[in-house]
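Following this line, the structures themselves.
Next come two complexes built around subunit A: one with subunit B, the other with subunit C.
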Partner chain A sequence: MKKLFNSRSSMADDMIAGFLAAWPDAAVIGKHPRVVRRRALKIGKVSLLIGNGSGHEPIAMGFVGTGLLDANVVGDVFVAPSPDLILEGIREVTGPAGAILLISRHEGDVINGRTAAMMAEDEGFSVHPLLMYDDISSAPKGQEEDRRGAAGTIFIYKILGAAAEAGLDLTALAELGAEVRDCTRTLGAALNPGISPLTGQQMFSLPEDEVFIGMGVHGEPGVGRRKLGPVRELVAFMLDALLQDRQISPGTRTLVLINGMGGCTMMELLTVFGEVAAGLAARGIPQTAPMIGSFSTTQEMAGFSISLCTPTQRMLDFWQAPHGAPLFPDLHGVGA
Partner chain B sequence: MNETLLRHLVTRFELLEPVLNAIDAATGDGDHGTTMLTGLRAAAAEPDRASSAYRIAAGGASGTLFSLLIAALEEAETEPLPGTLANAVSKISMMGGAKFGDKTMLDALVPASQAHDARSAADAARMGLEATRPLAARRGRARHVEGAGIGHLDAGAMSVAEILGLFATQSEE
Partner chain C sequence: MKKLFNSRSSMADDMIAGFLAAWPDAAVIGKHPRVVRRRALKIGKVSLLIGNGSGHEPIAMGFVGTGLLDANVVGDVFVAPSPDLILEGIREVTGPAGAILLISRHEGDVINGRTAAMMAEDEGFSVHPLLMYDDISSAPKGQEEDRRGAAGTIFIYKILGAAAEAGLDLTALAELGAEVRDCTRTLGAALNPGISPLTGQQMFSLPEDEVFIGMGVHGEPGVGRRKLGPVRELVAFMLDALLQDRQISPGTRTLVLINGMGGCTMMELLTVFGEVAAGLAARGIPQTAPMIGSFSTTQEMAGFSISLCTPTQRMLDFWQAPHGAPLFPDLHGVGA
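For the complex of A and B:
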C-alpha cells in the first residue's frame, strides 16, 4: 500500500502547514507549532478546544473556526498530545470566561486531558474537561461512562461551538455538552483495514466476505463479525442495535450522522443514509439536517458509522448555526 | 536524575525497542518500545528535568504515566525507593483508573512498591510481569481486542520491570 508523505516524523507538521496555507483567514498557528487556533478570538467567550492524535482528519483541526473550535492541539499520528502541549493550547485561547476541554474517551486523551486541566487550574484558568463517549460497541448498556468516543462526538463539537459563540457561560456549556452526549449513540462497521502510518502495516485482517461491527478509530478490531450481505441487512442490524441501546419514540425528531472512516465512497455513504432514513421512517421517526461524509477517519480504512442524536429545539438551532470552520459542512438551512 | 542510569536505560531500551513493539502489536498499536525509547532519550538529554522531558517527548497515555515512574526514581535519590514507588502507584491508578490485575504497568509496579529495597522491588516487578501473561486486559486499547491479550505479557509491565532492574543494579554499584 502506498501513502503520500515526506518523512514519518514530519507527517503532522506538514499537514498543519497545508491547512494553514489553505485557510489563513480561519486559523493560525499559536505560540507552539502544534497549537492550531482560530484567527480572531472573541473576547469574553468561553473557549472550546480539544487535543488529539493526528491521522483522523478532518477532525479536529478542520473544525477550528468561528462558531466551532477555538483551538486544536495536534498530537503525533494516533498519539494523544502530552499534557504540557494541551496546556499550551489552553493558555493560547483561554480568558476569564474559562474553557471547555473536550476529551474523546480514549485512554491517552483522558489521562493527558485531565492532567492538562489540573495543570491549567493551578495556573488560575477555569477549565472544564468534558468527557465524550458514544460508541455502543465498546461497553454494555448501563456502563455508558466506559464507552469510547466515536463520530457522534461531532454533535457535541458543533452544538457547544455555536452555544459558546452565542454567549453561554462555562456551567451552562458543561451541562449542555453532557445533555448532547446523553442523547447520542454511535455504532460502526469496518470492511477493510487502513494502513498505519506508523508501521506501514494493515491495522487488522478480515476475510474477504466479512465485516467487523464496532471498529475503533485506531484500527482496534471490532466486537463481532458478520457476513457482508446487501447493505440493507447490515444497516437494519446496526439500526436495531442502536435503537435497542437507546429507544427513540415515534415522532421524535432525530439527527443522523453517517461518518465514513476514510475508504468509503460518497456513493456508499449515501446508500447507507438512505437505508437509515427508511428504517427510521418505518418506525415513525422523522430525521432532519443530516451530516454525511468522511469526518472522523482512520486513514484509508473502509467502513462507516451511524450516529443518532435526539436534539432539543435549542440544540437543533446550534447544530445548524452558521460557522467559519473550513472542513465542517454548512448545515445552515439544510432540512429546515 | 543520575545521568549514568539514564544512559544505561537508553542503551537497554535500544535493544528492547523491537521486542516491546512486537509485544504491544499483539494487543495495541505496536509502538510501546518506540515511545519508551523516545521518552528516555529526551530524559537523558535533560537529566535535571528528566520526568517532564520524558512526558513531553513520549506523548500518549504512557508518556504521562511512565513520567510518574521516572519522577519516583528522581525522588529516590533522596528517599527510599519503595516509598517513592507507592506514591507513583497512587497517582497512576488515580489518573489511569486501573488497578492491580488489570494487565497494565501497575501489575509490575504495585508489588515493587511493597518491597523493602531496590533489589527486592526489581524482583517483585519481574514476578508481577510474568503474572500478566494469563490475564485479560481491562484497561487501554487491549480490552477492545478479541481475546483481550490473554497469553501475551503486558508491554508496560515489562518496561517497569526493566527500568527497576537497571535501577537496582545501578544502586548496587
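For the complex of A and C:
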C-alpha cells in the first residue's frame, strides 16, 4: 500500500495531530483525544456535531470551527466511532440548549449515533439525532429514508452550522435540517477505485471504459455500470436521474455541489460543473453559490457526485454565511 | 485514458466554461477566450498576471480575483501559452501603472513570457517579468536562478496580489517578489504517476516501495529515489535537505505550504504537515498560517511538496489578507 503514513494504528491520530498543529485557533482536542472540538465554544447555542469514520477528509474534521461544527468525533479509518466515544463528544460541547447529532445514514453510524444520543439523554442532555440521506441510487423514490448519506449532507452541515450560530433553538434546527435534507438529492459516479488503508487493496475493479453509477462512500455497490464516453453524456444521464427523482421547476434557484471522491482533478470537476450548469440552464433552472472540490472523499477513488439542493432564501443566507472552519471553502467572499 | 472530458481539443475550454459559470462575480473571459480575468479591474493599480499550461488546477485560473491575480492566460494542457496569447492577457488588464508578469521557471514559460513582455513594452506597457524558482532539487545551492518553479511560487502569487491591491508600485512589487522568492524553498516527492491527458500514458513508473525525490510538475526527473518507509522518515529527510539549502534560525517565524500533486489524500497531507510542524518545533522554528491541500497539481499524480518561506511581517500580512479568488483558501478567517 503506497500511502503516506507512519503505521496503520497511528493513522487517524497522526492526521489529527497535523490538523491541530495547522489551525490551533479553530480547533482543539477535547478531553478525549478523538474529540476534535471548536476552540471557542459559544455559550447558550445549540451544538452541532458528528461522529464518523476517518479516511474521508476534509469531511468532517476540517469542518470544525465557528459557524459550522462544534465537534467531530473521529473514528478509525472507515469505522464509525463507538457510542461511548460519540457520547464523549456530546458531553464536550453540549450545554442547556442541547445538541444536533448529525448522522450520515450508514448502518454502523446510525446504530452508534442513536445509542449515543440515548445515553446522552439519560445523562440529562437534549440531543436530536438527525438522519441524513441523499443518495438516490441507494433506494427508490418513495423510500427516501432508506437511502445512504452522501456528499449532499454537506448542505446540512453548513446551513445548520450557520443557523445554530445565529441562535435557532433545537426544535427549529431539527426542522430546518429535515427541510434541507428533503430538498437535496445526490448521485455519484466512480471511475477508478481507491486503495483501502484497512486492507491495502483496491476497493473494486472496473473495465477501462466503464463507470459505476451510485457507488457509496466506502465503495458500496452502485446501481449499474455504463460506458464512460464524453463527460457531457454522463452528466446528462445523471442530471436526468436526479431531476426525475425530484423535479425542479424552471426559475427555482438551485445550489450545486460537485464533490470529487479524491482522485478526480480540479480540471475534471470544473468541467463536470460546466455541464451541470449548462444542463440546468437549458431547463430554465438558475444555479448560484456552488461548491466544487474534493470534500467528502474515499481515499484516492476517482469519481464525483452531483448534489442539487433547492434552498429557501433563509437556507441560502446560511449557506453563504462566513465561518471559521479551516477546510470548508469561503462561499461568501468570492468575487468580493 | 479514463478521465472526465468531452474531447482532447476542448479540454481547456470546457474547464474554463465551468469555472466562469461557477464564479461569474470573480472572473470573466477577456477579449480572447483563453484570457480569464478578474471581473472588477481596479484602476491605477499594478496588474498581476501569469500565463501557464493548464492541467495543474486550481493553479492558476482558480487564483484570479480581487487581491490576487488580475488575469490568467490559459494554455493547452501542459503547454505554455504563446507570446501572442500572453500579450493579449497583458493588454487586457494593464494600465499606466504597469504589470508584473509572473513566470514559473520552465523553459517554454520563460521564453514565451519574456517575449510577450518585450512585445508589450514595444506597445508602451511597463511590464516586469518576474522569474520564480524554488525547487531545490533542480539545481545546486548557489545556482538558485537555474532552478525550476514549483509550488512555493504560490507565496509570490498571494503576497504580490495583496501588495498590488494595497497600492505598491511596479518597482516596489518587483523588489518584493524577488524578496519572497529568495526566502522560499521547495522540495517534492512523488509516489505514483499521473496520466498525461496529452498522451494517455503514465508519466513515469516507479517500484511499489519507492518514491522519487524532486519530481517536477510535468513529471520531470527528480534527484533520486528512496524507499518509501514511514512518512516521518521521509519528511525528516526532506526537511533536512530544505534546511541545509537555506538555514532558518530558531525563533524565525516560518510559513509552510504542503502541496498535494493531485492524488494524495487530505489525510496524508495533514499527516505530512504534522511531521513538518514537529520537525520545525524540534529546531525551535515556529510556523504560522500554513496552506495545506492540492493547489498546484499534475493531474492525479500522487505526491506532495514541502515549501518553506520566512516572511517579514509585511509579507505575512499580505499572505493573510482577504481576497476574492474562488479556489485560493481563506487564510485570514480561520478560527475567527
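The rule is short, and it goes like this: the second predicted complex is superposed on the first by the 331 of 336 C-alpha atoms of A that agree within 3 Å, B and C clash if a C-alpha of one lies under 4 Å from a C-alpha of the other, contacts with A are read in each partner's own complex, and residues count from 1 in each chain.
We take it that contacts are C-beta pairs under 8 Å (C-beta built on N, C-alpha and C of every residue); 3 or more make two chains touch, one makes a residue touch a chain.
On a predicted model such as this, the values are computed, not experimentally measured, just so you know.
Which partner does A:E107 contact after superposing on A: first (subunit B), second (subunit C), both, neither?
first
After the superposition on A, what does A:F125 contact: first (subunit B), second (subunit C), both or neither?
Neither partner.
Spot which of subunit B and subunit C makes contact with more residues of subunit A, would you?
Looking at subunit B versus subunit C, the one contacting more residues of subunit A is C.
Touch check for A:M267: first (subunit B), second (subunit C), both, or neither?
Second partner only.
Pick one for A:D330: touches subunit B only (first), subunit C only (second), both, or neither.
So A:D330 only meets subunit C here.
Could you tell me if A:W319 is touching subunit B, subunit C, both of them or neither one (first, second, both, neither)?
The answer is neither, since A:W319 touches no partner chain.
Once chain A of both complexes is superposed, is A:L85 in touch with subunit B (first), subunit C (second), both, or neither?
First partner only, subunit B.
For the complex, which residues does subunit C have touching subunit A?
It is residues 2-7, 11, 14-15, 17-19, 21-27, 39-40, 54-55, 57-58, 62, 65-66, 77, 191-192, 208-209, 228, 230-232, 234, 262-275, 277-278, 287, 290, 292-294, 297, 299-300, 302, 304, 322-327, 329-330, 333-336 of subunit C that touch subunit A.
Enumerate the contact residues on subunit A facing subunit B in the complex.
53, 75-76, 78-85, 106-108, 110-112, 114-115, 138, 148, 196, 198-199, 201, 216, 218-221, 223
Which positions of subunit B touch subunit A when the two form their complex?
Those in contact with subunit A are residues 25, 29-31, 35, 52, 55-56, 58-65, 95-97, 139-141, 144-146.
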